[in-house]
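Naming follows writing order (A, B, C and D), and every chain is counted from residue 1.
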């Protein structure tokens, strides 16, 4: 395969998208996120040969938010294997990210690991596997990204805790149904800290590169997942990565990916590239508006998608 | 890319799967389907170069059932384009295939075109586009498959009508909510006839080849969809093709695909191959048990999937 | 107990309510009902001693609509006894009158006999008990009211049939789940005819008098239910008679009662009186707006309610 | 009306019910309740003239549990009047007592004040009205019952707190939706203490006598509610007092009433009597099995009900 020079494509798309005033809203339920300028946009592409392409606010840091759910899932899955699926499903739920939805009638087993409920269960699993799961998670991100400075932003974490009643409700509900083992306050502490890890588009692209390289991080040469596991994580991203907009993302973009309410999106074409975008204006479903527009145009322009 | 010789792989998998007594049940709500021997299994692979590989009961005919929903969707989408999505969504529903689920609270707009509700809306669209939509559908299948003998099995169609109360309920509900334009009895007549089209694994693989060839049928050279449309149909198959088992199929098999209660499954890797299986024993979700087992083993064995 | 002279009370209330322009809307989904003047209002009170009090448009005829569900229930219950409750529940549903709500997950057994679904099941029961259930129903109404002229209005019945897709959906859904035995078209024919029986406030009060007289019709001396059964029907009216406004009616009015989309309401205080109102302007829940206002004021004024 | 001598009736019913081994289960989710002997049964009747009738374990104390929800509702309603109904509805919910059910889609406004969610909102209201709402509640119970010894059982309260994750989930969910004003931990502390107030059948009957006396406590001559308010509380008890068994209780017993998981039931006929039963064996809906059997037989035997 001949390598594509993505630089011109991403600059052009960034330029045309930036020309329009952002209409999305920043997440208002986390005070610390609400204050960010919605017009910012960063893009970073890392291809299979290790070449990188970047434009806009790609050096600007942001909190990882729900994008971290893929990493915690990989950690839990690599340890537990298929036993993990007794605690959390892998089906699209057809409901918003913070829904209590089906939990009540399904014994507290979340439909998939990318809903908030599912991510809490995965965090509960990690608390059973690691003495200090946050340190383990930070270790993974620092090694794969090659950036030892990456850390939790305590102001964001505090901000999330102060407004975390919906997640408290989810955790207590699942605990009442027997699918949370650890103390709820400790669990939410870990979860909010994990969501508050702060990095930039480059860090994020490097961290996710292993999912485009059959489970191996090309920078650090760590084997995080085997090839089959890596494919399966990608499959879950495709079917569940964008909450009740997952079908739309698959239809328009055609890549496995995951979004966060800070406006971050990571998407990847196995064997080809990882692309990260960050733009904090969100659409009604809680996904970055410009990020989605960029990625749809990007896969149309390059003709590259999994389909 | 070097071509893989699939023959040995599919024979071996067919052999080992056939050695175990089928545990799935044939569909019991359609009398005509209930009588079939659940132990049968046919496989057919058609690769991008036009080579074909087949084993088992691949010449045995069966009714197409829900697999036809992909074809009616392609017909409606190629005519209406994005206007189609005002009548039916493209999100996984998280509910069984015949669910009335969300319809009541979502103005009769089905979540996706592969639920029964969604397929009925697509049929309603086709009734507005064609004087004789069944003839148009049969025409498409006969041309793409190259088999002019393919036709509706009237005994199966009658059998479905006699037990079609759930689909009647769906159609009347959507009509009461304004999302069905035509007479409900005529609509169901068309729908049940479409589901009762009878063919074999070879016919089905040839018919679906256009979705692995960027929308063009390699046998008849018809341009059924453009490349972008073809990718998008594949995306919908991946996220919604297996009802509330779609996530599981993406996870285990990693290919866009569609199943029917007759035990048929079609799956494809764009640019590489179409594979069809038929084995009438169904699992609890209504998908062919052996078909799923075969396809999981097939993509593991070949290392080929979209992820 | 000394008898109350209701005449002055009802005239005064009628007067003050009529002074305000009606804001309710006539039922728009049944063409024949939509054309009626929403400002009309009739009231009829029949006390335990047989004295009657009436005002306004009490002689104006209207279709009985859902009020008939109480009568069909009484007929089925007096024949089947407790066996009836295997086909339909007696719990408030918390959902609108035409909801498919819980049916799908509860084996097609409606929550109560006053939802449309529940009333259809009761009609299906009557079709098994009577050769001509419509004749039996008309016979009951004519005898208890003493008005042999009462009959179905065929224009209303036709009007309902033409828009009856929601009820068709309910009937087919329950048939698919095994809780409807008869042909769906025949069933709906009976149901729509029953709803289209036409009478006035006086007829309706006389027909319902047996529920205030321990099950015995004071005019015709028929024993329609025994005392215990009569109490139980009253209990179901109280908890389920006003769809998802049942709690509100119990709270504000404090009488067992039943409403219909034609704007009719019947309510009663066992051992004391039956009161019927008719005013076709409906509130958002599908209950007569002025009827509700009148009845709340009436029980406040007289100090008479079951609580 | 001539007074009925209830003594013989209740003794006979108690005798025949006690002859059968209790099949109900004690509440297992509150450790302290699980240990009680399910075969116990107490009955107390207090008639309008102040005569009392009692049998069995009527002096045995138990925690009031959900029966307290009526008292907290009366306190909040007498202060706020109709403004209360913006915070909590008055419709039967059609769901179990601890359901998160509709909350998610209805802005955190519970369907009625007798679900756990509704009771938590009422407690939140009381926390805004009183400096020490628990003291106010205890004051009301002590004065109306004439028993100054009544108090919280701290062991039960602790036991509830340790297993209170479902209620924590409800409170956090409503707080995230803006319908809880106070600190969730403080709220649950008040709620669990209120549920753990310990008394016997006599205390409970005396406490509830005001609802059979038009809002006035006949023992202490306190005016707790006016006549209209008292009727309305009775209406809510009738439609919502027994969770998803409310229709069944109205049908079989025909009295406004309220149950608790300790096995307590209070029921009353306005102008006639209050009856309390206590028997800790519960049916599948969480209501006292023998209590229900007793009350059905009691109203059948005496011929007294509101219908």
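What we mean here is this: contacts are C-beta pairs under 8 Å (C-beta built on N, C-alpha and C of every residue); 3 or more make two chains touch, one makes a residue touch a chain.
Remember, predicted model here, so these are calculated numbers, not experimental data.
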| item | value |
| --- | --- |
| Distance in touch steps, counted as few as possible, from subunit A out to subunit C | 2 |
| Most widely separated chain from subunit A, with each centre as the mean of CA atoms | C |
| Computed distance of Cα centres, subunit D from subunit B, in Å | 56 |
| Euclidean distance of C-alpha centroids - subunit A vs subunit B, Å | 32 |
| Intercentroid distance (Cα basis), subunit D paired with subunit A, Å | 48 |
| Shared interface positions of subunit A, touching two or more other chains | none |
| Arrangement of touching chains [line / ring / star / complete / other] | ring |
| Contact footprint of subunit A on subunit B as seen in their complex | 89-95, 102, 111-112, 227-228, 230-232, 234-236, 238-240, 244-248, 250-252, 254, 256, 270, 300, 303, 305-307 |
| Residues of subunit A touching subunit D in the complex | 99-101, 104, 163, 165-166, 168-173, 175-176, 184 |
